[in-house]
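Same chain, two partners: subunit A is paired with subunit B first, then with subunit C.
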Partner chain A sequence: MPVLVETQRLTKRYGKNCVLEEISIKIDEGSIVGLLGPNGAGKSTLLKCLLGLIPHEGQCRILDQDPRQHRARLMQEVAYVPDQSYLPLWLTVERLLQLVANLHPRFSVARARHFLEGTEIRDSQKISQLSKGTRVQLHLALTLAIDSHLLVLDEPTLGLDITRRAVFWKQILSDYCDGKRTLIIATHLMQEVEHLLSHLVLIDRGRIVLNQPFEGVLERYCQVIPRPGQEAALRALNPVSEEQTLGQPVFLFDGHPKSELERYGTLHRPSLAEIFETATRRRAS
Partner chain B sequence: MNTFASRMMTLVRSELWQRGNFRRRLLIISGIWVFVGLLGTGFMCLFAPVFSIRVRHGVTAPDGSALLLIVGAIVLVIALVRVLSYFLHALFDERLDRSILFWQSLPVSDTERVAAKAATGLVAIPLLSWASAVVIALITLFFLSLSTSLVGHNFWGSFWQPVSLLSVMGFLAIFFPLFMFWLFPVLGWCLFCSAWSSPRRRKGAFLLAIGIPLVLWILEPILIGTHYLGDWWQLLFTPFGRIWHLAFLSIAHWRNMTGSLWPTLGWMLTRPELWVGGLVGLAFSASAVYLLHRQEPPT
Partner chain C sequence: MTREIQWDDREPIYRQLRDRIAALILERGAPEGTPLPSVRSIAEDFQINPLTVLKSYQALVDEGVVEKRRGLGMYLAPGGQERLLENERKRFLDHDWPDFVATIRRLGLDPEALCHSLTNHLERGD
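After this line comes the complex of A and B, so read on.
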């Protein structure tokens, strides 16, 4: 697979405060990348660096172009939804569609209308009259209607209710992902996207704590609920964490053969949040 | 179709949409003006015989273009205020409401956006203002012709001389944008200030745009003993003063001043200040592009 996005030692400072520290990642074409981390981890800043919206140190290339130098050209191939919908409030929905159609060679009004079907959004409505959630829906429909190579979503479902979130992710899978298009999703709602991902980048306080294909992560981490009397044996295998859940010890292992662990208890897949917590804690220690 | 020209047209149109619906506004103003005209004509019918209202002695063949010129001069003042305000807000408001992130997510460069804003302020708004001036003047002229005919003077022929009316209309159509281009150093400075000021300070652009020239204007004679800034400021408003002077003369005697109007255009076009000022305005606009590229989107 050709590399679509590549950064080398990408660093971003605000005065003395370093918000991104030497980020080096490669994203292959066709992958669905989860850029996950807690609030304030540097996810949005990293996306803005990738899209050439802010100056930074280090190297960054998207589709073999420098995004700082060729942002406008790059945006013909890349669609981006920022962490909040900042559509121009004075426009009506119809004029917004018309505007984007005239400015974006890969935008399709028909596709946008398809994504707006079933919503309460009407052409004559001004964006300022729409509720926060409806504005997000409109913005997402606009973005999905762009036939882009790379879709960058920064906390895309913020402001959407649970039903709309599910519909959105379903649309992403059915209407957008075709194996060739690449998707970067930055979110702190890890459980919402974990079924979509092919690659995982965990970020904490401006540093990457995990950067791996999702399958590899699932292979690597394993949760074990011990059979009675097997706790000591599991402890001897050096788990990365041990926690009490509903009065029962739960062990998390990193890179241990599953066939060996099966002898001592029941294996479970840990959640992304648990993996993140463990990876962060290990890095800190 | 996604040529540079069509993209610019789209961007200029969106700038105008942001500033409200021009056609609706013109329709409302025209409606009000027609109402005022009807009211005036009605009063004329009722009270002209009672108060012996007569057309001033000596006015024999008033030229309608005089009215067009004075309305044009008044609308020019309004257009100037609008354009100044537009340039002060052009690159500031989108950072304040954060819609800049939407524009940056489109394949539109900073240069294209600034060029579209400059074209809106220098050409689109002046031409729309010109259209408003023409419509208002023609409505006024119609009711003036009607009212004077009610008191026994038939001025329809002299008021509605197509050659002089079209000549003044043509002059104003060129003068409105040309005058804005003449002011491009000031307008470009305002554009630069709107890109420069921090969105955290609401009046930042306005204070920068006024404050820095004011300080320089005060300090220049004290520190280096010259008055270049004051002289330049005077020169900047010379065409404006000329037009107002001609408009006053024209309406005072109800005569066609076309002969004196066109040389003003020639004078402006041959002055090196117009082209040097254009370059200065361009330099400020280019600096605004540079600032936009350097700035970070608001968080």
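After this line comes the complex of A and C, so read on.
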């Protein structure tokens, strides 16, 4: 697969404050990338650097171009939903569709209407009259109606209720992901996206904690609930963490052969949140 | 419809999905050559990565149950249903049955009463 996004030692400082430190990532065409981390980790800043919206140190290439130098050209192929919606409140939905159609060569009004079907959004409504959740829906519909190669979503489902979230992810899978288009999702809601991803980038306080294809992550980490009397044996194998659940220790292992762990207990797949917690704790120590 | 799925954290998701597809094939009793749900539609329904779905199908292709037709999708292979039934029976006896036996022993259940109850259930068809 060709590389679609590549950064080398990308660093961003605000004065003396370093918010991104030497981020080096490679994203293959067609992948669904989760950029995950807690609030304030630097996710949005990294996306803005990738999109050429803010200056930074280090290298960054998207679709083989420098986003700072060729932003206009790049924006024809890249669609982006920021974490806050900036739709012009004074326009009606219909006028907004016309406006975007005039501004963006790869935007299709028909596609936008397709995504708006089944929502409560009507042409004659003013954006200012729409509820917060409906505005998010409208923004996402506009973005999906752009025939892009790369779609960048920053906390896309914030403000959507559970049902609309499910509909949204379903739409993304049915109408956007085709194996060639690439999707980057930044979110702190790890549970919501974990099964969608093919690549995982975890960041914490401006640094990469984990950067790897999702399958590799699942092979690497393993949770073990010991059989009676096997706690000591498992502890001796150097687990990366030990937690107490229901009065029983639960061990997390990183890169230990599962065939060996199986002898001492039952194996479980840890959640992304658990992996994240362990990975950040190890970095801090 | 979007289904709310609870995945078991003891097994990889692609394995669990493979089991669901396998169950679907056995329940439907479909004839060979029957088209199976597309990778994309399953990915949407379960909200999972299409590569995971592909991996589930690949497992069934490797077992000779499913046939991949280039550009067309997934189909039930000739003799696929019988092969799947055979595989699933073997898996039940090798993997699940020993656990049942262990539970029966642990709870001190009476094997004869269990057999009797089992026969009744099977005859009633529930």
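Everything below uses one rule, namely that the second predicted complex is superposed on the first by the 285 of 285 C-alpha atoms of A that agree within 3 Å, B and C clash if a C-alpha of one lies under 4 Å from a C-alpha of the other, contacts with A are read in each partner's own complex, and residues count from 1 in each chain.
Just so it is clear, a contact is a pair of C-beta atoms (placed from the backbone, for glycine too) under 8 Å apart; a residue touches a chain by one contact, two chains touch by 3 or more.
Just so it is clear, the model here is predicted, and its values are computed rather than measured.
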Touching partner for A:197 - first (subunit B), second (subunit C), both, neither: second
First (subunit B), second (subunit C), both or neither touched by A:100: first
Partner chain(s) touched by A:233 [first = subunit B, second = subunit C, both, neither]: neither
Partner contacting more residues of subunit A (subunit B vs subunit C): B
Partner chain(s) touched by A:71 [first = subunit B, second = subunit C, both, neither]: first
Touched partner set for A:109, first subunit B, second subunit C, both or neither: neither
Partner chain(s) touched by A:86 [first = subunit B, second = subunit C, both, neither]: first
Subunit B and subunit C footprints on subunit A, overlapping residues: none
Subunit C residues touching subunit A - in the complex, by the definition given at the top: 2, 7, 9-13, 40, 43-52
Contact footprint of subunit B on subunit A as seen in their complex: 44, 48, 51, 53-55, 71-76, 79-82, 84, 86-91, 95, 99-100, 102-105
Residue ranges of subunit B in contact with subunit A within the complex: 2, 6-7, 10-11, 14, 17-18, 94, 97-102, 104-110, 112, 294, 296-297, 299
Subunit C partner contacts - residues on subunit A that touch it in the complex: 32, 166-167, 169-170, 173-174, 177, 179, 195-198, 214, 218, 223, 266-271
